[in-house]
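Below you'll find the structure I mean.
Order of writing sets the chain letters: A, B, C and D. Residues in each chain are counted from 1.
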């Protein structure tokens, strides 16, 4: 019996538990001196923070892919736009501490610019930039999505043009004359709201903010998924035309979830910049967008925990491999992707939940989500409820 | 362009719910519909038969807004120009369509399928905050009974038998409380028993809705057409029209359709 | 360069003695010594002096110098060391040495010679002089090709007095029309300096047909005003403008100036035309590259609907196979090195095809009907393939050389050079397209392929071995990609990242062309190529590329199914 | 929902692994980090630097190591991913507690790790010629600053020997190094009386592979007078550029191209016959003749063969490799002098360190600006992919990281 209950009791407990544990990291980081057994190094915390941003992006992507069956190969762009938007503030916040002691960022001084271009207006305000980090991806997604969905672009075609979009933006941002620092992008941040970005306290706060956003996003997505709208989204994925003929306008639903997802990605990006200390156009490279997809797939698409799990697993492995076997790690990672797609259609989460497989839904390029994993989706909905 | 629940503007003053007037549809030269004219009266159950490629499905497409007529006009009631409305609007206005191949939401339970179809404001916001009230639950239960799926409501639609899917789809149409039901081969691939039950079902619906049934199965048609009108399509135009026995007697029909 | 006067005498000698070397005169050791020294001007002088001898020895030494085969010992003895043979530069005979047999190898030689036998370094300046000198000699060569090359080589700079004399001589005896024209143009440049206006006027007229940038520069100089005037900016040269405040014109006589202006206009007009034609060619060329890159994908993605992210790596495999063949030829069959492509093409096709089939059997076959999952799997594959190549061949690019017949280019319209390798690749691209078309339309395999792609179940029922067809289709696509890689290796990098450079463009082309539409792919590729090349001069490389991408996005909005969308009755 | 629990354990695991994981390091070795991309787009250039670094470390260990301890290299792969560079740098310095890090190639990778080294007071040796406009206490730059590469090259081109070029095409990939270099060169050329109309500046995107139009433009521009091309094209685009150049019949004697990022390693990927005579400016060429270099080349070839590096047979040395080699040796010397690996002590000891480098000169580390005094050499490409050194400075030049040709740099010459 379908209902709008968000989480079952155990699920609630789990969420709170995980959040609490995650929130413990910065405390340990601050409370205990380096070397102490319980000390959590800035490195570990930074890593976890970074992963949480990735997780947020993966979660956002899964909302459109896993639930609505729209595969975006351009989410890296939304992520990057959020990052750049926040980066603009961080650049302004450097003030005169730059190499050329100018009010302008070094790269502008360097291009002999004497004033900020118009699109930098207002970026000295933290809150404006934060809003921008959400709105810029949102607006872009809305416009792009409106036209794409209106002309009923589906499946592969949609994926490819999203890829074209992010690729075009990457080239644009690589240009020095575009006014976003070209290849070097934004880096060497000094302070955020007056606090040094490298101070442990600032780090802790950023980390907690990220955690809060991630949990918030999780709850939001869960709420949407559990609502009737969530079921409509899956209906879009499985039989869009039927949905149309019972009176729903798929365009609006797709647009809604697509834009929302882009905004979440923007948030992830905004949180990402200060923690890694650099944003550059390669964040927009098609490969990065594909990686986000892979996180969702590895964790288990069509679920909400899956993408988070996936983001942590893949990036955790990446961080470890690149240090442990620098020459071979790509083999391992590549193999992982292949195995996951071949044998774990429900991703890692699928492994954790033993459930009988269900019959395949009619499958076509227009409904990308594989029947089995869609099944997984439907199921995980059920028992979360 | 919110699809509205109250059938604003559906004006059936002249007792006619659907007009097709000189509708022509051509794909790169090939005329799927050729000056097709047709009228469906309120509460009528009309059977439409015709050999493959006669244009039955294209006609459905035109009525439901999937295909735009190359020329001619299609009106829902006196006022609604179907050629100007989007699929969802048409559905919202009260035309329900069942496809040839049963299409239901396989990953949803039977209950969810019906709930999704329920007649209400289907905009994004309303959907997001939608809650089922008891009246709606009763309605769902009623339809479940009607389409003989009681006790199945928590099964995934994908697990239903072919016939059950057909019924579920019809049930979804009923949830929309449509004025006009378009049924494209409702008994295709059904066992005799299922066919019989479907016939019963349609007979129950007779009068409550205007119904257009496109079907090959003559036996079935004969069963549900009763004294009602039967239309024979051929090469995108009406070949003959009249009571079943008349039509069956018409030698042109025998020529092209029963073919010998 | 007064040396040209000697050169003239030498040349005269050569003429008298008919073609071919004359009485043998060894080369002055002093000159050689200077050549070996490190006073740049002395070395230039030495080149002139040697050139002045204008005989076989001189030519041999100069060529040796040009080809880095001229060696010197610290005490200034100079030898021509070419592979196994050693010659005394001065005499052109094997060096007279106590215990070295004639034709001893460099190693042997250096063993007996004073230590520190070392190559004589040539820099551009010296090389330029050597080239000029050699061309000067070649002007009188009996072989047309050599004379033509020489005449061409002499362009680009104004001939000096000595050169002029030689040129007149050569022009006098030149029988070939084309060469004659070139020589006359060179002479005309000299005549521009002539004292009397009439000669100058003739010269100007003669130069109207010239493609030599130097000629253009000189004409501009004539029109420019001497004071504060820049070449390239020609003020209005109407008669009477002379006494205007701007100072005197480079050319005093208004009549000649008018002629010069006319000539200059003619030259510029021709240049503009040539540039336009050039852009068109570049577009086609780029288009053919895109086509070769995308064609394989048009089959695997277009026909089979497999989002093959490893497509780029299949290109790479093709390129590396080409590299492998080249290395093998180098090693075992250096004589036929120029023809290594003949082996490389089939090889790259087979290797890539095999790799493709292996992928299809092991991974992709399990993912049919789940196109977006193949994307992930093939992405993983592409990562592994790249790393594999890195471990096998190293992260650095490997060298794939154009065969001799593919390097250089044909000069059309005087200035426009169409590189042979690009011409070859354009031709090749269309050959491959033709072949694919034939396979798909005129063979049983093609029939099956189309059948399976249109209705797998039905094909299955009528007994088409769909499994095998899938494998072979994918193999075909991969093989084509391999061919593409082989072709691309002739233009750019062959490295582990080769594939990444093309994968996105390939997808754009296929999608733009319309999935499953071979013709669409061809048109899309050429269209994008042209568009890109016509935009680039206006917007620059980056913006041009962005514009193209935006265009693609917008276009897909208009025609979601690509260029060649199939309209039809909606099917549920 | 057990998924959530494993998700917890994963965080915990990750944290444990990464935080607690590595700081346990043996006291009898000194760890040094090697931070070069072994995958991704930069692997092309950086892989060989990793190998040279390892070779140098072996060499030092063979001589008994430093302070009587063996050096223990920690190799990581930042995969040409700039944020990953920062992460890896932190891991090396904070977790592995390495005494020094040798690495980075692109400007952006350096910029992305800088904050880390400043924050953790680590030590970075950067072996690549770069744009300057930077001076960091924690970084030692063993590559060339613009005045140690670009300007002498242009001087040469303008000289009689160099062909007396009067017009210049500044051609580069669109990122900070070419931009800066060209900015400096433009200012320099102006100071030499070259008019703006005689300078043409053009940029191409990364990985640009189609140089038809560009080459055509160069040809057109060159029609206006004796022209030279100054190329700051990024490694990977050079092959297509040079192939186009060769086939379009632009000979070095007509339009010489001088490149700042093309060395022996890059030329391995090109058929150099059509390129004979084009130039490159570096502080070292494999072809320079002196005992130190002979030794260096011999060691490298032996190492490549021993480690079975891919196509070891054709192994070559180049400038950044030499810079890496020098950097590691100087660091070792400094540690010996400081009797400690403590960053500040080593920084102090680095000043004035000198080393007999394969370039045939004795290089000295400038105490005030952390750059090496380097000789400048101009080489012409030969048919065999090596370079003829056609010009070199008499003695090493002091680096000017803050180019006097960029305004606002006055009096910024040291820290």
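We take it that a contact is a pair of C-beta atoms (placed from the backbone, for glycine too) under 8 Å apart; a residue touches a chain by one contact, two chains touch by 3 or more.
As the structure is a prediction and not an experimental result, all values here were calculated from the model.
A centroid comparison over C-alpha atoms places B as the chain most distant from chain C. If you compare A-D with A-B, the chain pair joined by more contacting C-beta pairs is A-D. Separating the centre of chain A from that of chain D, both taken as means of CA atoms, is a distance of 35 Å.
The centroid of the Cα atoms in chain A and the matching centroid in chain C are 46 Å apart.
Taking each chain's centre as the mean of its C-alpha atoms, chain B lies 67 Å from chain C. Chain A has residues 171, 174-175, 241, 327, 330 in contact with two or more other chains.
In chain D, the residues that reach two or more other chains under the touch definition are 38-39, 174, 203, 205.
Among the residues of chain B, those touching two or more other chains are numbered 66, 99, 103.
Against chain A, in their complex, chain B makes its touches with residues 1, 3, 64, 66, 86-88, 91-92, 96-97, 99, 103-109, 111-112, 115-117, 119, 122-124, 127-131, 153-154, 156, 158-159, 169, 172-173, 175-176. In the complex of the two chains, the chain C residues touching chain D come out as 40, 67-68, 121-125, 127-128, 131, 156, 213, 216-217, 230-232, 271, 275, 278-279, 282, 285-286, 289, 386-387, 390-402, 407-409, 411, 415, 417, 419-422, 491-497, 500-501, 532-533, 536-537, 540-542, 545. On the side of chain D, the complex with chain C involves touching residues 38-39, 41, 43-44, 46-48, 160-163, 174, 195, 197, 202-205, 207-210, 212-214, 216-217, 219-220, 222-225, 236, 239-240, 243-244, 246-249, 252-254, 256, 265-266, 268-271, 273-274, 277, 279, 309-311, 380, 382-383, 388-390.
Contact residues of chain A toward chain C in the complex are 71, 147-148, 151-157, 159-161, 163-165, 167-168, 171-172, 174-175, 241, 286-287, 290, 293-294, 297, 327-328, 330-331, 333-338, 340-342, 345, 363-365, 368-370. Residue ranges of chain A in contact with chain B, taken from their complex: 1-2, 4, 224, 227-229, 231-232, 234-235, 237-239, 241-249, 252-253, 256, 358-359, 361-362, 371, 374-375, 377-378.
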